[in-house]
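Pasting a structure here, questions to come.
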């Protein structure tokens, strides 16, 4: 079970985070925070012509939250905002719905990557680590505010 | 045991309280109150030439507190204040000291009356009913204030 | 006394002896015996997953957190709240009422605002408001008690802001006409606090249907543990209120300069809570959910107690203000003082309450300094009433009345 | 771990399994396992004399009252207070600190008065003071933490009125120089609050010798129940302070117009208290009285844990601020996040704490976002440390470090 969450893909993304950094001319910026564990993530991205043209994150946190942010940015880069919201929903349901089954995943290629977080469900106190980046993204996008500061629970 | 506290003497004094009433030109007046049960007693007395020349009580309360007040006034009437304080101490010790024994009672005639309260010790929640009048008297005398209002615990 | 099968009436206190007599416990409005399920639930926490909640990343802490939060969900269903976040665990009804007075008071009340209470209140729903009044300068107004108790119109002033009322008097078992009063309050946008400490053991309370803003009750009056109670509050209100107690676990971020509070319900639950108490409380709710509440008129034991008490010369107090709604009988007996009654009954193993019943203002209105109160729980039987009546005969004998 | 005979280490939680491993509980600074005596004392109350206290004129209520009040007397002796009336039962350290802040604050503090705290405080001894500051307009001042921690002179201002300090940091186990600080405070007639939550499990505290004005601690950190704690206060101060919570049982007389409060300690204990909790707490004090406290240097298990952790690459945090005084070891390990450590250790049945430890301001000063904390209780053994070290090796293996 442990090896399922601390698998190679997660460890790799945690050690070598992709898209790490800050976009200073971002259209969206959010500082996500998990108060229970103190994890923080700063997410910046540029939405242009309804596409996520660039996305980067910075932050400190556990392996799960770092890897999740890294994989998320990889997955979202280049997607339309509609596609991005769909992926957020899939990810969110995967980690929160009791009756979620892999069959529901119609986004195959996405699941190959983000699916590594499926087993987090067995570690209830850690679910929020995996969802921090995603919630931050969703919030920033939804409220469409270029800059904001918020706590994600 | 019960008959020891609700004996004839107590029931008699409760039904036919002695010295019931109010001395309007009293030198000492106190309103004693047992907040736990709501018993109230109003005690008035006249100290003249160091003697308790007159003493009366009024009030509502249980059989124990009424009888105790009635017996107390009987006992104190005509005593010097020193004698009265001595009796208060005897009464107080009788009801509060674990090691109190009848042998300690050097005031024989007093004990014949007030001694009926000895068994109250077996009813811890009721001890304050028996001591209310005495504490009120002691407080009024000690502070030597002609009028006051206080709570006795 | 109710429809539950006897095997469910599993209370370890039943059958105990005191003063060489079978214990006949008739002080259930003060506190109830704990159900065996309750004790077992607490024991389980203390022997199988004893841990702190919310912050531990390890099995027993996660289990304790889950069990604790499940009770919140049980309470939500029990009183039909909309959300779990509307349920705050407190130390009891008194703690809950103090929380509302402090926190609602500081957020919403201003000088000269009126706080209305009824004449039937327990001290715990009087004094916190007196304090708010003296601090903020609000006015405490009392709904007068009247004979048929169908108070027509509460004379709310322009600045009436809060109506804090007990559902049932703990002293005389009579109900306030809460539906009528809530309606009057809502028409003027007055917030409503319900003290349900005496109601919850006997009635299904539905906060959405009642449309109250707050509701409080205690665990130890529904066969649960001491030291735990509930504050229900509408989410919108709780969200805007200031925290009451502050400290660990109710914050998002703390620096020496400032603190960002956590979301509901954590915002109102500072420090390590009464975890075993909350878990035992959950078991108590399971039990109460099984009780088929019955109208007092159908409660044969209550009716028998009432009749027999009257036969023997007791004067039941409070009925002039309305029908008794829960099995509480407060009475005077000739001019025997309640404390003497209680002391003598105790010698026969019979436990009743005597005194001002934490309702001095009501007793002043009733013009009695003290009362003897008999209050029944789910486990009381016909036999208990026989013992009570025999006991009172004994009282009269001892006192030669 | 101490001189107690094993037969006294009767903790039902010992020997439990989690995640198919022997449970190794190393989060004792958060909460401790409950001693069997404690559970038994609570059970006894709930099954043999379950009743409310203080007002019942019947055997089981009198017995409950006696047992409850006897705990007050035990606490008095435990911390060497002058009188029973100086001991107030609360819901825990957090509840006690809130009581002081509210009640002392409202009685004695004025605008621009300084409240001093240390850098080592738990949130529960920070936030209540922030609130008082924002309400009354006091100033919160922080005693700077410095390397040798022998803070020479606290730069009290003219209006310094209160020094509220923890004896021991729950995050790093380091002590504040409380004797020195109390002396400085007393010279200027500044009142002193001691947060002894982490000290009481390991040191004999003597409030008269320390000459503190207030002291608080929790039952659940000394092998007792949750939901109960202590406020000690000097009688003279408590007498002049306003009540905190109000309601039943803390009044002499109530009318709708005004209320006369009861004497100490009842004045501060409104409502039905956590009776079973208090009684269990008394049993916990009996146990702690039996423990022969030993200096940390002589605690071989602690010393072993420390050495082995360092050997395996952990960096113990906080020692630069003074000697560790209680068996608390907080550390960082390479750049592995504490939550990952805790999750992986949990799979081996090892329970440690990870996070900000309710001491965010201190962690900010230490410049770490989170820590892993190991804290020992009386029952931890050599074996537990071996398991911990094996566990950490396993963490490294899983994370391929």
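First chain written, first letter: the chains are A, B, C and D, and each begins at residue 1.
Just so we're on the same page, contacts are C-beta pairs under 8 Å (C-beta built on N, C-alpha and C of every residue); 3 or more make two chains touch, one makes a residue touch a chain.
As the structure is a prediction and not an experimental result, all values here were calculated from the model.
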Counting hops between chains that touch, how far apart are subunit A and subunit B?
2
Counting C-beta pairs in contact, which comes out ahead: A-C or B-C?
B-C
Between the Cα centroids of subunit B and subunit C the separation in whole angstrom comes to 38
Rounded to the nearest whole Å, what is the centre-to-centre distance of subunit B and subunit D, using the mean of the C-alpha atoms as each centre?
47
Distance between chain centroids, defined by C-alpha means - subunit C, subunit D (Å):
31
Got the subunit D residues that touch at least 2 other chains?
55-57, 251, 253, 339, 343, 354-355, 360
Residue numbers in subunit A touching 2 or more other chains?
36, 125-126
Could you please specify the touching residues of subunit B with respect to subunit C in the complex?
1-3, 5-6, 11, 36-40, 60-64, 123, 125-126, 129
In the complex, subunit A touches subunit C at residues 33, 35-36, 124-126, 151, 153
Touch list for subunit D against partner subunit B, complex:
54-57, 62, 66, 251-253, 260, 262-263
Mind pulling up the subunit C residues that touch subunit D in the complex?
12-13, 16, 18-19, 23, 25, 27, 30-31, 33-34, 38-39, 42-43, 46-48, 50-52, 55-61, 91-95, 97-98, 122-128, 130-131, 140, 142, 218, 220, 225-228, 243-251, 253-256, 258-259, 270-277, 339, 342-343, 345-346, 349-355, 358, 360-361, 364
Considering only the defined contacts, which subunit D positions touch subunit A in the complex?
336-340, 343-344, 347, 354-356, 360, 363, 369-370, 398-400
